[in-house]
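Next, two complexes with chain A in common: one pairs it with chain B, the other with chain C.
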Partner chain A sequence: MNSIPIRHKWEPYLWLLPSLLLMSIFVVFPIGIVFKLSMSDISKAGIVGSWNSFANFRAVFRDPAFGTVMMNTAVWVVSVVGLSTLLGFITAMVLNQKFLGRKVARSIVVFPWATSLVIQASVWNYIIKGEYGNLNNVLLNLGILRGAVNWRATYQIEFAWECGVGIFVTIPFVAFTVLAGLQSIDEAYYEAATVDGAGFWKKLRHVTIPLVRPSLTVCTVLNIIYVFNSFPIIYTITKGAPANKTDTMVTFLYMRAFYDNQKGAATAMSVIGFAILCVCAGAYMVISMRKEER
Partner chain B sequence: MPMTPDAVRRANLRALFAALLAAALFVAALSLPIYEFSATVFSKKSGNTFVGDEKYQAARAEVEAAAAERAAQTGAAPEIIETVTERTNSKGEKTSMVAFEVRETMRRTGWQFIASGLGCGRVLLAALICVLAALALLGAGLAGAMDVDWPALPAAKRVPRRLAGALGLAALGLIPVFMMCCNLDFSRQIKLAADGFPRPGVEALLEKLDGFLYGGTAGGDVLKLMGGVGYRAAWPLWALMALLAAFVFSAIIAADGRPGRALQRGALYAFIIALCALILYPYYVMFITGFRSNAETTDMYFQYLLPTKWVWSNLSDIINRGVPRYLLNSLLLSTGATIIALACGIPAAYAMARMRFRGKKAFLGFVIMSQMFSPVVLLVGISRLMNALHLNDSVLGLMLINAAFNQAFAIWLLRGTFVSISSEMEQAAHIDGCNTVTAMLRVLLPMAAPGIVTTLIFVFINAWNEYTISTVLISTAANKPITVGITQFSSFNMIEWQYLFAAALVATVPVVILFMCIEKHLAAGLTAGGVKG
Partner chain C sequence: MKKLTALLLALLLALGCCAAFAEGDEITLDVIICQYGPNTNDWFLGTGMNGTNFVDKFEAENPGIKLNLEVVSWNDVYTEVSTRISNNNAPDILNIDVFADYAAEGLLLPVSDYCPEDLFSDFFPQFIEQSVIDGTVWAVPDLASARAMWVNTDILAEVGVEIPKTWAELEDVSQAIVDFYDGEVYPYGMDMTTDEGQAAFAYFVWNNGGGFVDEEGKLCVNTDKNVEAIEFAIGLVNKGYTNPNPATQTRYDLQDMFGAGKLAMVVAPNQLPTYLADKDYNVNYVSAPLPVNGDGVTPASVGVMDRVMAFRDDEYPDQAARNEAIGKFLKFFYDPENYVGWVSMEGFLPAVNSSVAALVESDPSFEAWLDVLGGCQFYPTADPKWNDTKQGVIDVEQKALTGGDVRTLLDELQAKLEG
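This part shows the complex of A and B:
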């Protein structure tokens, strides 16, 4: 029993009060505002009118760019979460081995996590920029390329770069959560598996993955949320250009809200976004918990 | 599992044979062309002419003769490039200026590099010496101990084998160094000399380059000719690297173990080196670009891995452009957000970890749900709320928002830490007459210090790196945090890359160092909070 005696019935709530107050004002209240705005007429000057029977939502679904944006969002979330989980898992497995310079390697892997996304995105923006970008510079200098290459010839390639940067900055988070899971696995399991004649893949499937699944679930759910809501990478590298072809939902709604001054459509999209996130993250949690119970 | 002497002998023989083969092939591959140069061997300008007139014909004939002579000398097929520039002369006539160039693709083998006496050639020679020395050491390590199993090997035999592997690895590492030295010799030094900042010894370099590329025929024109040289690595260079990798691999087998293990270790190190290189690459870019001159950052013919001249004045320029103010705002904002987040988070986490009450699960659900609503999606709501509270465009507003959106993480990390500490001491304190608050402050918090520091730094860094809310809420320059402040260097029509990255560097370095400090505890804290009941 790790709990302590409570003097009054209401004492625990008093302890929660500051936190509850802070979050209510600055998180719950804006949520309420967003939900209310999404259902209301909003004038160009920002004055909120009456309930408009989902006109904002209808406007969003009629918007021809919305389909592209949703498609991009799906590609963005699936590729970034999927690949960063895979690569982060491999990185964690490697960092869990004993090797010369492990401490240094772990410290280096943490770098992208500690750097502001705007800064990371600006650097990558420069790396692949035009003919003078640093990637061309380095490859030309080492004599690997003969002429400058246009690294962002089409918007599809640009979007692929953005996904790449997204994966790059997400790997450390996955790697460190999985690493924590790996470190807590008792060596005895592996010894037993070795005695039973299990090879690398069998150990991975029957020992490692089941035991790190709790950490993996937590980190994947958080990742889905973070990646879905990730803004600076796309905003810095392409700003959604050309014509919303590289926008994800978050950058699209930012543009709608603060450039085109369509607060109604923007808040409607926020609500759609919440709904999608709740469904995705919830479904993932339920599925993986069920697997855990089995 | 011990192996029979016979099996050991066979394995060692195989390793020795593989090492010998790799080294022999390496030496052989040095006589293949490892670099291709596209160089101007002859150039002539013919001014005040028309394409096709007599003067042009004469010049053309001269160039063709030079090309033919070159072809007869070297057996290569030179290419004639002519560039025509039209202009109007002083009499108002339209004339042309025709520039002829004879370009030739020249291939140079490894041995030619070594013989040239250039800096890059010396590096290649060093790699060759490393391989030969490694081979000798391998032989010494194997001699007389061919059938001794690895665990029973005496140090006198084990050490040379290990050293052989290390030397092979050094040779492998010297190949990229060689490529960088080529850059230095063929491009950077030339450009510096042409721009009027000759490095000491550039005269000797030019003489050697003349001998290496032009067979000593260029004389005083080397500098001009070298300006147009392009170079590219050819496949034998990659073959050299592959052979060295094979050599290292066989040396590892001979040193301590079975092929499977050697392969595994090799793959492990290769992965780690590649990963670290990839991660450090953007920081390298930030560093060198931050100290370049503006012209160099966007020069597409810019051909060096380092700035021509380190422009340290970029730092003083960004100081004059308001960066200290932004840094101060960021510091204020992050410190404030951290203090608020912890002041609210510690009591909540304490209640969650130590008390039993109704609605605990509901609160936990609330905390997790709040993670779902990122500030970006709520921006419209947040900006309206801040307007109503008269907190928009102020650092205080940002503090509160950051603290609120970091509550979930703070409570999560702290609760994990508190749960992992036994409450016995606090219970004892209660019996001694302490109340709950003093028990927490005096007993629990000192024990939980590492976890609290982790949380503190984590919230601090999140607030420091936050960009999206600040960019919407802050419009006065004097209130901008650094992440928003640096975007002034990248406006739509002009990006001042050097200032952008100098400022980014200043904003990044302290945070990266802070993060490295908590790296050890962070991952553990993250999962402890999520997994434990």
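This part shows the complex of A and C:
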């Protein structure tokens, strides 16, 4: 008779076991290795040597390019996550309206997200190429431009393009997460608000936003992590050139590891990135959960 | 039923183990080959070698030796090799460009341990010299290429100028092209990208009497000649004589621009005609020596050479058998019957004497290039700090492009290399 409750106790763990096992092998274990590597000497050829306390971290902080790279990373994450959330939210609101061809519109919006990032970045790279880029061709053929324009005249402009591509590919994810939230809102709330005399902005502020906040939180946390760790766009378009001025942390640590053969510094940087992400994503979650509780 | 399945699985596992042990006397060599072009994979693993491939042919002719050969793209090979070294799983034979780091860390076998003497004496001596550290040869060349300045003759004829031989002429010709085409055609192709910016550095410093090393062979990047050369190169960019984005436009972008008639001059390897023909570009061009600073300097061409090396595997029980197998691999690879096909397939230049005659017979233009190759300068790749130097000069160029002072930057780099 007693056997049933006992089985119930351990049964969930049994079902969780495969995922736990996979996660520890493919996630926890490698993270542990990276932590170990970040505090070890690693030779240029890649041989792992002895523990060197925090020499790798000191090398990272002494690297003159590190400041620029951190600044770029901040601009990259804030602009891409911020603007794609704003634009994705607006897109979701539009897609939530009833109009002819809504289904088609929804599937078109998902395209940028469904395409691999490397392909996206390569396509954009071709679009903005000065000499035979599609943007120049289209504008020249339409008669808008008289001569070809160099769309990547300075590295600041190139970085802005990269942020733009980042925003473009991130919008669909936000739009669909928010759309899911919007669809779950009961029409009755809006009807009640209308009866009470609320206009569009008041409904948005007092009904829509509070009710989609859980989906928005999840999507922003995930986005911060994805965008911070995003590699293909910058690597494909500029490779961080000139002289790390368009690098973010992830591309920078890749270049340090595999171009400059400084694998110790690179692993230290990835540990720093991991810590930053834990703090940012954690803080954001705590803050928004508190708001929800209120 | 479940028991039966489990039993079957256990049986299969046991059989698998037996198979693993049954290999016995066979030796398997892990080989990594870099992907030089679209045909590399087909030649080594597909049907590109007259219907068969390198691995099958080798294994048929050398019973007892199996090849576990992988063709890896140049983009991934450094990552792959260093990951394998970190995991204590280095390949037996590696084809790559660099070797000094591996040699310095005691990972390589000296060439004399495995290379048969008749083959060793077949290599061009000036190539072998590039792989010597402290008197020991650590790698053999697999192929080479030489660079020249390729000039679009139609553009120069239309503008009415001659091929520039000096830097002053290069500036005059560039200005004439800019004036004539009003910016529609870029005069000179400059690649200062992270991929190959060290080549641009070499083109200018070598043709100004400078270089990467001093007379004693020590790394020395901040000489007056070098500063002058790089200031001149950056000046070309700032005056609008080059493609607009040297930090992100790779040599392949430049070759495409050249093929499309958008670029008048570009320094590129001897395989440029193959590249342009493969992509159906149709322009008229000739190759010319790189422009030099002043009349007294002999134009230096840039030679690029890749290598084959063997890694140590101290745990392997029969070292002599392993060395012999590696030697057989090399003998087979450099056998003119195989090697001529390999080199000419992607339009490279050979590294051994025995194939020259056959290559010249198949393509007479090879002979002129072999002469060029004879006078080539090479990067100091035998220096363990070469990679730092290479990345360093690219960084200097890119910083100079964004307004940095060349002398200060080169001084800083020199201090870093010495530190």
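Everything below uses one rule, namely that the second predicted complex is superposed on the first by the 286 of 294 C-alpha atoms of A that agree within 3 Å, B and C clash if a C-alpha of one lies under 4 Å from a C-alpha of the other, contacts with A are read in each partner's own complex, and residues count from 1 in each chain.
Please note the rule applied: a residue touches a chain if its C-beta (ideal position, glycine included) is under 8 Å from a C-beta of that chain, and two chains touch if they have at least 3 such contacts.
None of the values given here were measured: they were computed from a predicted structure.
Novice: Where does A:P214 make contact in the superposed view: on chain B (first), on chain C (second), on both, or on neither?
Specialist: Only chain B is touched by A:P214; chain C is not.
Novice: Considering only touches as defined above, state whether A:G82 meets chain B (first), chain C (second), both or neither.
Specialist: Neither: A:G82 stays clear of chain B and chain C.
Novice: So in the superposed three-chain picture, is A:G49 touching just chain B, just chain C, both, or none of them (first/second/both/neither)?
Specialist: After superposition on chain A, A:G49 lies in contact with neither partner.
Novice: Quick check for you: in the superposed arrangement, does A:G67 touch first (chain B), second (chain C), both or neither?
Specialist: neither
Novice: First (chain B), second (chain C), both or neither: which does A:N150 touch?
Specialist: second
Novice: Taking the superposition as given, does A:A243 touch the first partner, chain B, the second, chain C, both, or neither?
Specialist: second
Novice: For A:A266 in the superposed arrangement: first (chain B), second (chain C), both or neither?
Specialist: Touch partner of A:A266: chain B, not chain C.
Novice: Applying the touch criterion given at the start, work out whether A:R106 contacts chain B, chain C, both or neither, answering first, second, both or neither.
Specialist: first
Novice: Is A:L253 touching anything from chain B or chain C once the two structures are fitted on A? First, second, both or neither.
Specialist: first
Novice: Report the partner of chain A that touches more of its residues: chain B or chain C.
Specialist: B
Novice: If I apply the document's touch criterion, which positions on chain A are contacted by chain B in one structure and by chain C in the other?
Specialist: Residues 130-132, 148, 258, 263, which sit in both footprints.
Novice: Which residues of chain C touch chain A in the complex?
Specialist: Where chain C meets chain A, its residues are 78-79, 81-83, 85-86, 101-102, 104-105, 107, 183-184, 192-195, 243-245, 247-248, 257, 260, 262, 384, 387-388, 391, 395, 398-399, 401-402, 404.
Novice: Which stretch or stretches of chain B touch chain A in the complex?
Specialist: 35, 38, 176, 179-180, 182-183, 187, 230-233, 265, 268-269, 271-272, 275-276, 278-283, 285-286, 289, 297-300, 302-305, 340, 343-345, 347-348, 350-357, 359-360, 363, 366-367, 370-374, 376-382, 384-385, 400-401, 403-405, 407, 411, 419, 422-423, 426-427, 430, 436, 439, 461, 464-468, 472, 483, 486-487, 490, 497, 500-501, 504, 507-508, 511-512, 514-516, 519, 522-524, 526-528, 530-531
Novice: Quick one: in the complex, what on chain A touches chain C?
Specialist: Within the complex, chain A contacts chain C at residues 42-48, 130-132, 147-148, 150, 152-153, 155, 158, 237-245, 255, 258-261, 263.
Novice: Sort out for me which residues of chain A touch chain B in the complex.
Specialist: Within the complex, chain A touches chain B at residues 2-7, 9, 11-13, 15-16, 18-23, 25-34, 37, 90-91, 94, 97, 99, 101, 105-120, 122-124, 126-127, 130-132, 134, 136-138, 140-146, 148, 168, 176-177, 179-181, 183-184, 214-215, 218-219, 222, 225-226, 228-229, 231-232, 250, 253-254, 257-258, 263, 266-267, 270, 273-274, 277-278, 281.
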